[in-house]
Amino acid sequence: GGVVTFVEAIRQGIWEEMERDERVFVIGEDVGVYGGAFKVTDGLIDYFGPERVIDTPISEAAIVGAACGAALMGMRPVAEFQFIDFISCGFDMLTNFAAKCRYRWGAGIPAVFRGPCGAGVHAGPFHSQNVESFFMNTPGLKMVEPSNPYDAKGLIKAAIRDPDPVLFFEHKKLYRLPRLRQEIPEDDYIVEIGRARVAREGHDLSIITFGAQVLTALDAAEELEREGLDIEVIDLRTLLPLDRETILASVRKTSRALILHEAPRTGGIGGEIAGLIAEEAFEWLDAPVVRIGATDTPVPYSPPLEEYHLPQVKDVVDAARRLAAY
Amino acid sequence: GGVVTFVEAIRQGIWEEMERDERVFVIGEDVGVYGGAFKVTDGLIDYFGPERVIDTPISEAAIVGAACGAALMGMRPVAEFQFIDFISCGFDMLTNFAAKCRYRWGAGIPAVFRGPCGAGVHAGPFHSQNVESFFMNTPGLKMVEPSNPYDAKGLIKAAIRDPDPVLFFEHKKLYRLPRLRQEIPEDDYIVEIGRARVAREGHDLSIITFGAQVLTALDAAEELEREGLDIEVIDLRTLLPLDRETILASVRKTSRALILHEAPRTGGIGGEIAGLIAEEAFEWLDAPVVRIGATDTPVPYSPPLEEYHLPQVKDVVDAARRLAAY
Amino acid sequence: HLVEIVEGVQAPAIDEGLICSLETGLTREQMLELYYYLKLTRLVEERLVNLYRQNKVIGGVYRSLGQEATAVGTCYALEPGDFIAPLIRDLGAVLTKGIRPRAIFAQYMAKAWGPSEGRDLNIHFGDMERGFIGPISHLGDMIPVMTGVLLAARMQQKKIVAIAYIGDGGMSTGAFHEGLNFAAVQRLPLIVVAEHNCYAYSTPTHKQTAVKNLADKAAGYGIPGYIVDGNDIIACYETTKRAVDFARSGGGAVLIEAKTYRRKGHAEHDDQRYVPREELELWEKRDPVDRYERHLTSQGIATREELDQITARIKQELEEEVAWAESSPLPEPERAAYNVYDNSIVPPAFRPKVLER
Amino acid sequence: HLVEIVEGVQAPAIDEGLICSLETGLTREQMLELYYYLKLTRLVEERLVNLYRQNKVIGGVYRSLGQEATAVGTCYALEPGDFIAPLIRDLGAVLTKGIRPRAIFAQYMAKAWGPSEGRDLNIHFGDMERGFIGPISHLGDMIPVMTGVLLAARMQQKKIVAIAYIGDGGMSTGAFHEGLNFAAVQRLPLIVVAEHNCYAYSTPTHKQTAVKNLADKAAGYGIPGYIVDGNDIIACYETTKRAVDFARSGGGAVLIEAKTYRRKGHAEHDDQRYVPREELELWEKRDPVDRYERHLTSQGIATREELDQITARIKQELEEEVAWAESSPLPEPERAAYNVYDNSIVPPAFRPKVLER
Amino acid sequence: PSNGERGAERIFVSPIAARMAAEAGINLRTLKGSGPGGRIIKRDIEAAIEASRQAAPRLAE
């Protein structure tokens, strides 16, 4: 509870779940004494002890594998990737072991795999990636990416309680963003996995997005409001499974869809969303389904390059304006 | 040259490139004396010797990494995954090292990574996957999947000559399919990467597909022809980068698009194609953009389950018929 | 920690005549039970080959012919609460853990009554109650998973140990390394049984690793390494028992190399053209079932007749088990779409709904 | 192969007074060149911290303070045609390989004239001409890559060797294992220098591995392992030279453990709260630059004044290099979209074209 | 959910039909679609164009 930052909300969520349920434990690189590279697990080891806050070797496959093994035994592991970019080293374990276990022999893996994602902090090609598209085609996994402290806390708690493996992405730009500081309830609450949120209501056009780009979309919407355009912003929150109903309802209302994500445009999960709309909201469309993503390149390091690479408010404003006028 | 199977076409392509260019070599598990699990590299070691046909330990990350290192030195490695499912163990190396090297410091990786993909042979969840969606959002990689011997040979040769990393998927059901036996030219030829093929011309509806599903689409088209429907079938051949022009031209002609792939529907590359169409061929659309894929599950093993899981000719016929009548 | 060579073992130069090199505390009953599982493994596989030839098996059959003693002997050293993660060639361990042959037959025939209900193949299923974690194909992956199983057990104050099996080939994977290293750091009671059967598919061990003994790899993890004659079932049992006791009492992980030999190809379709004939002949003489029978009879532990009775009992049992499995239907097609998630009573969406109106 | 402890080395209990434990065949000139690179590394990093404090560096600065002798001494044993794959803390190796400080400054300031043209950071670039393969962040990945470099070189009949650097942390990765194992099987001339600096980010070595010495891991690959005092630049050079000669003459891969210490945090932002003060004080006394200066002066190889002259020369050089880097523009934004593929003269499509009409 | 004018009843029309109608100056509100649920699709516009072409000469008479 209290007025919290994004990072503090996640920390609280993990803390409360550990307190509530002794099966919950934390595992990852430097999550103990150091409290994690971004201090998401700060203080946990002092309170819960090193048996429940486990520092590992630099071994992402082992972290994922061990979390799976522990989950099979009924524990509720919360595994951290120091940067989500390193999930690539645990990719096999996630897609082949974690995702398929229940289907193959009914053994659920109630584990959370979390870490900082996203660009915009000049961290270069290996500390800036958005990895959701890697997993979008792997049934058995769930994916979550919150955009504000309230959701972050509610979703991390829901993820920990979820009976299946959940990938939980935290945009590192949001961790300490003053703008996001927010009062959250003292009482226990969760935000249901699988439910998108209408971040802003509008009638002229739907921007469908998630994570840090929700802020880009809201800023663009505000700018466009001054031009008399009434923009709806959908914050997906859960990326897999997508909340089809909320997406479709919004597009059926506005008849114009702009999909926005931070990963490169080609092959990003925007395609899945566009496909959904072009199939199931087709008759309500008044204009092409438009996607905005980053350039089809790795994330460059130097500020001017990175700015060009990433979708900016002006890109969204420009595209939305044209799309509304289409 | 000669009348060849799919597998023989690939073998010929590799063979000829090794003969033509001494920088080309083969690396992978059991590719030498055994000739590869599917005998794609059969006989190569006898002719080219063990220095150019390298059996490795069971180490996919090392296979990819070593191919990258050799490529940096000017060699032209052709690396085999015994089953493409094991590409998950080389995922990190492919997406982070191979894909980003040129962008980061101008160093190209002219390497080919190939292996048998696909389901339908009752090989279960770990020997049946289609993995293209894992890589669709990683700029720097190319992806190719042929559907017949002529293309297979022309594309493997083009892939080997390509200056950038190419993932080359071979649907295992096609390897020895009698129906695909085909006369191919004696003379050296390539099939350009990045170019789709109109596998069948038609005016009523476009089926956009690739790999073994091209056969499903053609069979469906034939059946529908008897009902008076004139179906166009696009064989993508290259999955990354997509041949946008060919896809768009077809849909602009037929106004109806059905995308078909063997991977699970959600998160498959069908989304990217649907997104492209819904954006750039929108004004030519007369009906929803429709996708058919496998069930959103792992690939089950037992024949009735696998058959249900996979798109069948009847599913395509049924959907195309309804879509044409829409 | 230096690699410890368990007495009398020198494979591949194993003395053919050698029968059981270790003093054992096993009772006669236990020794006959060991024989039961050993012979059961052999006969289940023979039955599978049989079904395969009748085209009743979907997919391949992966034999452990000649190396059954390793899986059975090592697994027999576990207590009921302990865990295993076997590989395809560890059918013996699966049976020793109490999985019934019917489950195996149903799996191989892709039947609805099989433990994976036709979703996965051969021993790719698990049974948490019996302490059997189902493997996946991707070699090495089970080592980290078992590390997690034991990490959990420690948190749950369970005093269990686990065996993870790995091949000479699988040890080359990154997952093996990451998992065993983590287990060693955490001093978890993980026994890794390295089945040195001289081939990984067609690849001989010297192309897989430059070490002389697989047990030499223990030094890289700071854990003890043992070498045992994998065709000597009592030696396998005793060595593992020692490792189990060590691990259970807090000593941490152990690597056991069992020197043995894969007498069949990688699977039934593999013609083994890469294998010298003499090698096969040599190892035929070292057959672990024959050896154990010689041991039991020559030491007066059992008579030939008693062993034959056990065999007869197994054969009868297998007839019933096969009949049961054969009587199972194939799974209902629509089941393919269920149970990806816990809450997937409803199958996930995957067909174009919009056309259904 | 047993681990060979190169004389006089016993870190972390290294004798503080110890200066250069090995006989060396280096000429005076070479020894001064070594000093040049050692001091250059120290001063380039100090200059970077300086620029960092002025907010001119984009991102973090990762110091190798206290361990510079390892990178410089080992790399100095290579011939010009040989290759290295350094890690962030191996700036010394990069400089020794002939990369100019201007390249480093331009990289750290994300400038257009930097070797990656602002696309990647710090030493994340490469130079094939100088035998420098640019690393990526993902630890361990460079070991397989260097294996491939050497595999290619062998096919090209080049008699080169390569050094791949790895940390006490990075050795826990699967990629490290797969790469070194493959190099060992192929008997490739790969020298893996394991920089045992006692921490991986905040993680002490005993949480990373259960081995006593990182060199113990050599046994798991069937290759020789050496241990060397990483703060003794001559010992680093001599040991590596021996390994290089062994490797180049066909002996295969070698693992060298350099015992040293990371005196700064993981990066400038890290407050090192997990580090005991006494440890830092102890290792300050073992500073490799001081030690080498004492050695050079006490052995009569150089006078204090000569060393000061070298330092002055470096400082002057660095002023020019920094000035050059500062004068570079930032990259043009649109460059972000180019050169993903060889043929990407045209940037790839990424914005909604349909709206542009 | 409108095709431009807020508040008005939506006309269900495929994009290509909408474009063809606009080009031919056909008022969509005068048409009844033959697609599912009365949706206006390409062939309805084609029919409307054909109909007006046949109607046109008679007017010129």
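Chains here go by letter, A, B, C, D and E, matching the order in which they are written, and residues are numbered from 1 within each.
The rule is simple: contacts are C-beta pairs under 8 Å (C-beta built on N, C-alpha and C of every residue); 3 or more make two chains touch, one makes a residue touch a chain.
Only a predicted model underlies this, so the values are computations on that prediction, with no experimental measurement involved.
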Graph separation of chain D and chain E (steps between touching chains): 2
Joint neighbours of chain E and chain C, given as chain labels: A, B
Chain separated most widely from chain A, comparing mean CA positions: E
Whole-Å separation of chain centres (CA-atom averages), chain A against chain E: 44
Chain centre separation (chain B, chain D; CA means) in Å: 40
Averaged-CA centre spacing for the pair chain B and chain A, given as whole angstrom: 30
Junction residues of chain A, two or more chains touched: 56-57, 59-62, 85, 88-89, 92, 96, 100, 103-104, 125-126, 139-140, 241, 264, 266, 279-280, 282-283, 285, 288, 290-291, 296-298, 300
Residues of chain D whose C-beta touches two or more other chains: 116, 119-120, 124, 136-138, 172-175, 178, 181-182, 185, 207-209, 340, 348-349, 352, 354
Residues of chain E touching at least two other chains: 14-15, 36
Every chain pair in contact, whichever chains are involved: A-B, A-C, A-D, A-E, B-C, B-D, B-E, C-D
Residue ranges of chain E in contact with chain A within the complex: 1-4, 6, 10, 12, 14-15, 39
Touch list for chain B against partner chain C, complex: 29-30, 32-34, 37, 55-62, 82-83, 85-86, 88-89, 122-127, 264-266, 288, 290-298, 300-309, 315, 319, 322-323, 326
Contact set on chain B toward chain E in their complex: 255, 282-287, 326
Chain B partner contacts - residues on chain A that touch it in the complex: 85, 88-89, 91-92, 95-96, 99-100, 103-104, 125-126, 133-140, 240-242, 259, 263-264, 266-275, 277-280, 282-283, 285, 287-291, 296-298, 300
In the complex with chain B, residue positions of chain E that touch it: 14-17, 19, 35-36, 41-42
